[in-house]
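As structure tokens, here come the structures.
What follows is subunit A paired twice: with subunit B in the first complex and subunit C in the second.
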Partner chain A sequence: MSRAEVSPPSDAVARAHRARPATGVPVIFIVPALVLYVFVVVYPSISGITYAFTDWNGLTATRGFVGFRNFRELLGDDAARAALGNTFRLALGVMVVQNAAGLLLALGTHARLRSRFVLRTLFFAPAVTSTLIAAFLWQYIYDPSGRQGLNALLGSLGLGTWQQDWLGNPDLALWSVVLVVVWQYAGYSMVIFLAGLQGIPQELYEAADIDGASGARKFWHITWPLLAPALTLNLMLSLVGGLKLFDQVFAMTGGGPGYATETLSTLVYKQAFVFGHYGLGTALAFMLAIIVAAVSLIQLNLLRAREVSE
Partner chain B sequence: MPFTRTVRRPMTLALMLALSTVAGAQSQTTLTLVADSNIQMAMQGIIDAYQKLNPNVRINATFAPTDQILVSVRTRLGAGNAPDLFSVYPGAGSALSVIPLVQAKQLLELSDQPWVSGIPSTFNDVLKVGGKAYFFPPTQTTIGAIYNEDAFKALKIAVPSTWNEVLQMCDSAKAAGKVAFALGNKDSWVTQLIPYALVPTTVYAVNGTFDAQQKAGKASFAASGWREAFTKYLEMNTRGCFNANPNGTSFQQQTQLVASGEAIAAVSVAGILPLIQANNKDAKLAMFPLPGSNTPARNWIPAAPSVGLGIAPTSKNVTAAKAFLNYFSQNVDTYAQLASELPLAVTANTKVVPALTRMLPFIRTKKTALFMDQRWPSPEVQQVHLAGIQELFGGRTTVPALLQKMDQTYNK
Partner chain C sequence: MTARLRLLAPEIGMVLVGLLFALPIGMLVMLSLHPQGQLATVPWYSLRGLSLENYVQAWRAANLGAALLSSVLITGLSVALVVVISSVAAYYLARVQSRLSHSLYILFLLGIVLPAQLALVPLYSTMKNLGLLGTPWGLILCYVGLQLPFSVFLYAGFLRTRTRSYEEAGLVDGATHTQVFRYIVLPLLRPVTGTVLILNGIFVWNDFLTPLLYVSGTPYQTLPVAIYAFVGQYTAQWGIVFAGLVMSMLPILMVYFALQRSIIQGFASGVKG
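Right after this comes the complex of A and B.
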């Protein structure tokens, strides 16, 4: 085969290649999905934002324009500030513990165990369970009476003093919810970490072995830096999920006891549907969306910078 | 037989059958109804009886817990596709209460209906708006202590008629290894029941015009018998009247505690009696007023119109919906029996379910107060009240702080 036969296409051919997208075929392919997205997501979201500047109660056909009054009211509202604090505590708790647990599970099931595939399936199973079913299941596990669930287990192990009112104690309730979320989604984080682990070249570990590196050094200098993309993805998903969390909180505590587990999402629900303040509820939802977007952007930039530096 | 005759006869028959089916379908009316699951058993009884009498009317009934009803019906009202009939609550304390719904023009006026004349005038301010009727309130209900008569006999406990006797009852039950009052405060609506049972005595027996004074800014939660009611609620807790961890115990668990006999009583609305009975068919259940003072003659009870049914202004079956409400109004005694509630108008001859006999004298002598939230200006006061009690039990607030917060929310 002569060199000429494999030479790059001439300018005319290259232009033709570049011109191909102009035929419009790829655009036609995305039109159905784009139309659906615009009408199902973009249009309702933008029209929803307009309610944030009204006093709509969800019932009347008319709604009065109130400018930024809803936002001012929320900024001065103790309940909204407390919910914001709870939301951040919950999101940070979920992010840290879920990813730590997910990483440990990934490292454990990445080892050459005979049962690793069964274990991976078992650990991932809660992630495909309905969040509401998981929440109702955990209500029984958290039964405060000591007749069943976690308290019964602690009692039978002679750890009666550790028995708690897991969902009824305002100091514990939020962390009890965090545990449920971690239980459900640690397997999800594990799968992403596993994908990252499987992408690390084996040669690096073999070279480290020849150099006499310990397990800890291999983890710290090979595994951890090369897991950075998986970590970025996991931290992003868990933080955003934690900030938006609603189902588990609503099903297990309804935001209580008192306001101990009230999050921005549950407060949006109450403002709109319990109090009939749709305008205020929408304003709060809009603020939550901005918070999620801002936090995600900051986090993404920080983690991307870390990926590059490592 | 010629082919045409062979085919023509069955075809004619089939055509006649099809036409009669179409005609039947045209005369069939389908009403949609969304109601509170608390009244499901009783409401279904009325619906079944009505459909039997009116085979051309089909009622598609959906039942859901109160919080879900609030969301789904309000959303459907806002979207203009509300059910023909739906649960409406008295007063203004809930998102589906009659006053905010009328203000939003989401209820059909029913003042011309025959049952309107039967609404006692004492309930006018929570059942009517501007003197006009907009929903059918079938019964009134009350809050008291649902108790197991056999358990009381076995423990030799007499039904208490004073506050001190309530505390003694707690001591006796505790000594026998039983829970005196099951309490499931995890479901926030349950938290209000004991204050609602005590406040008629501590507030309204002392000052019958409290609501009007509060509306005029001349009375407050903080400077009223509400303080005494909350203090007594906490006293019951420290005295060991309740199961362990009330804040972590659900309403379902509370019901099971009474049904299983682990608890000998629970303060609740009368409508819960059938639910507990369904969990233990052999239990002999009844209700006694929770005494709020040490002077039996000074004790009052809460009694208020319960959830009723209204018609959506967008309904295309108004005539059929009104006819159903009329039938319902003629059968309130049956409904009251099924729901363990009391007719709206109680006279000297009114018969009630035996379990409610102890409540009847209070209603006849008008020693009653409405459920407090029915006269509150918005659902937010109730929310502060419910969450505040959970905080009281969790040690996160105090009685004065909670009352102050309730006042602030009331006056907002």
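Right after this comes the complex of A and C.
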């Protein structure tokens, strides 16, 4: 694999090198990264876990240990319960719709269209822009008055009965947020699916053509199974991204109406930085962290099993 | 004729989907070009009476010049530091085979899985105690620390697949490890550096929550925070708001269209969680 194996420097030289400790990279090379990483990630994360069991308010130096009180309080709290359910609904919704859209875009632009490069660039473009800008743009599109945006469009198409208060209706608001996320990141899923599609050997399709296989059969027996690694990656990324979603909800609905779009991330922010309940905030963050870690582990194992069995 | 139509139909279909996709952005740009009040009389897609009036007002009201400068400086510094610190660390992790090196590598990997929210509140309070709140330094420190694990992972993974014979040759010739890193390893890592720059650069540029916590209301506000404050002030005046949004989107979109191929490749190859 490496060039060293093909043409080794003389054995004696190589051995002399390995024996000399001076060939080892000095440990100082890792020190800056380690110090910064421990300061910004490791130490605060460990603190986060311990603070979740205290009544810390961020102001006083003292933190009283309160056991599981924060968690019991959260389980009885309407906002926290709503946030937990919404976080899962939002993440699952984003995962399913974004991947379906991404796969369709990938299949559509994988074909020999003349405009495929322009279209790919276009579909991916929202993914590099800021989530905050996308949120404000869609806030306008979702304007409830009917004078502008989506409702105005529906009105001019004679579909006035379809007009909705997209962000103000508690039954709809969460799904309106999902649509914004999908619009922004379907192109990202598309790019990963495209990389998967390009890795499928063309001969398989040629052989299937000779056997007279239909388009649908080729998809189910060649494309779909061989896309498994790309699908795994896409499902993981979109689900974890959906679980952590903050910007779009914060900017478009602030968690409302009521608690209809409240998520764990927005509630962490509110509890800690708006109400000053640092203990409750870190307890919520701890719950989110456990969910994210557990979901990624479960998903990774399930999808690995699928890849192997197919 | 029908054969040609069958060939053209998917093309036309996908172009229509593309137009639908671009519609929100097109609407954004058109709305920003219509002076306030004019939209009561003409539809948003009308090309009559377009002007840059909203842009002049938004630029001044949102103080976008200052925000643009701090976004450029904070993104540039953070990303440069991440590249230097993580590539040097990866040189150690990929080349030293000891128990310490292996454990440190696992420790860095853990940082990729760990959601940043867990550290959010305690880190904020530490920064406050150190007096780093409201300074660009606290923010840069955050970004470097947060982006290190993934960048270290990309660099070390790549370096492990490369032969070390050039490095050994350099050492035999009497070069120091610093020289070997500077003249042999760093050039070797160039493709990964591209991916690291793109992924981290776009993340830092667009990030909203961290600068909202650390620099909002200070002269070091980055673009997303400035836009957030500005939209709050001008809620009903969509023309001005959208002019501000267009201006804050332009820099990243220009970079994207100039480097689209490598950016799309960077996202597809260095996938991040």
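Quick note on the criterion: the second predicted complex is superposed on the first by the 277 of 310 C-alpha atoms of A that agree within 3 Å, B and C clash if a C-alpha of one lies under 4 Å from a C-alpha of the other, contacts with A are read in each partner's own complex, and residues count from 1 in each chain.
The rule is short, and it goes like this: a contact is a pair of C-beta atoms (placed from the backbone, for glycine too) under 8 Å apart; a residue touches a chain by one contact, two chains touch by 3 or more.
The model shown is predicted, which means the values in this text are computed figures rather than measured ones.
K.L.:
Just checking: does A:Phe88 make contact with subunit B only, subunit C only, both, or neither of them? Give me first, second, both or neither.
P.N.:
A:Phe88: touches no partner chain.
K.L.:
Given the touch rule stated above, what does A:Ala111 touch, subunit B (first), subunit C (second), both, or neither?
P.N.:
second
K.L.:
First (subunit B), second (subunit C), both or neither: which does A:Phe273 touch?
P.N.:
Both subunit B and subunit C are touched by A:Phe273.
K.L.:
For the three-chain arrangement built by superposition, which of subunit B and subunit C touches the greater number of subunit A residues?
P.N.:
C
K.L.:
Once the structures are superposed on A, label A:Asn57 by its partner contacts, choosing first (subunit B), second (subunit C), both or neither.
P.N.:
A:Asn57: touches subunit B, not subunit C.
K.L.:
According to the stated criteria, A:Tyr205 is in contact with first (subunit B), second (subunit C), both, or neither; which is it?
P.N.:
So A:Tyr205 meets neither subunit B nor subunit C here.
K.L.:
Where does A:Ile192 make contact in the superposed view: on subunit B (first), on subunit C (second), on both, or on neither?
P.N.:
Once the two structures are laid over each other on A, A:Ile192 reaches subunit C alone.
K.L.:
Just which bits of subunit A does subunit B share with subunit C as contact spots?
P.N.:
58, 273, 278
K.L.:
Which subunit A residues qualify as touching subunit C in the complex?
P.N.:
Against subunit C, subunit A makes touches at 1-4, 9, 13-14, 17, 22-27, 29-30, 32-34, 36-37, 39-45, 47-49, 51, 58, 105, 108-109, 111, 113-116, 118-133, 136-138, 140-141, 148, 183, 188, 191-192, 194-195, 233, 236-237, 240, 244, 246-247, 250-251, 264-265, 268-269, 272-273, 278, 281-282, 285-286, 288-289, 292-293, 296.
K.L.:
Considering only the defined contacts, which subunit C positions touch subunit A in the complex?
P.N.:
10-11, 13-15, 17-18, 21-22, 24-25, 27-28, 31, 39, 44, 85-86, 88-89, 91-93, 95-96, 98, 100-101, 104, 107-108, 111, 113-126, 141-142, 144-146, 148-149, 152, 161-165, 168-169, 171-172, 177, 181, 202, 205-206, 208-209, 213, 223-224, 227-228, 231, 238, 241-242, 245, 248-249, 252-253, 256-257, 260, 263-264, 267-269, 271, 273
K.L.:
Write out the stretch or stretches of subunit B touching subunit A in their complex.
P.N.:
Those residues of subunit B that touch subunit A are 67, 70-71, 74-75, 77-78, 95, 100-101, 104-106, 185-188, 243-250, 253, 378-380, 383, 387-388, 390-391, 393-397.
K.L.:
Considering the complex alone, what residue numbers of subunit A touch subunit B?
P.N.:
It comes out as residues 57-60, 139, 142-145, 165-170, 253-260, 270, 273-276, 278.
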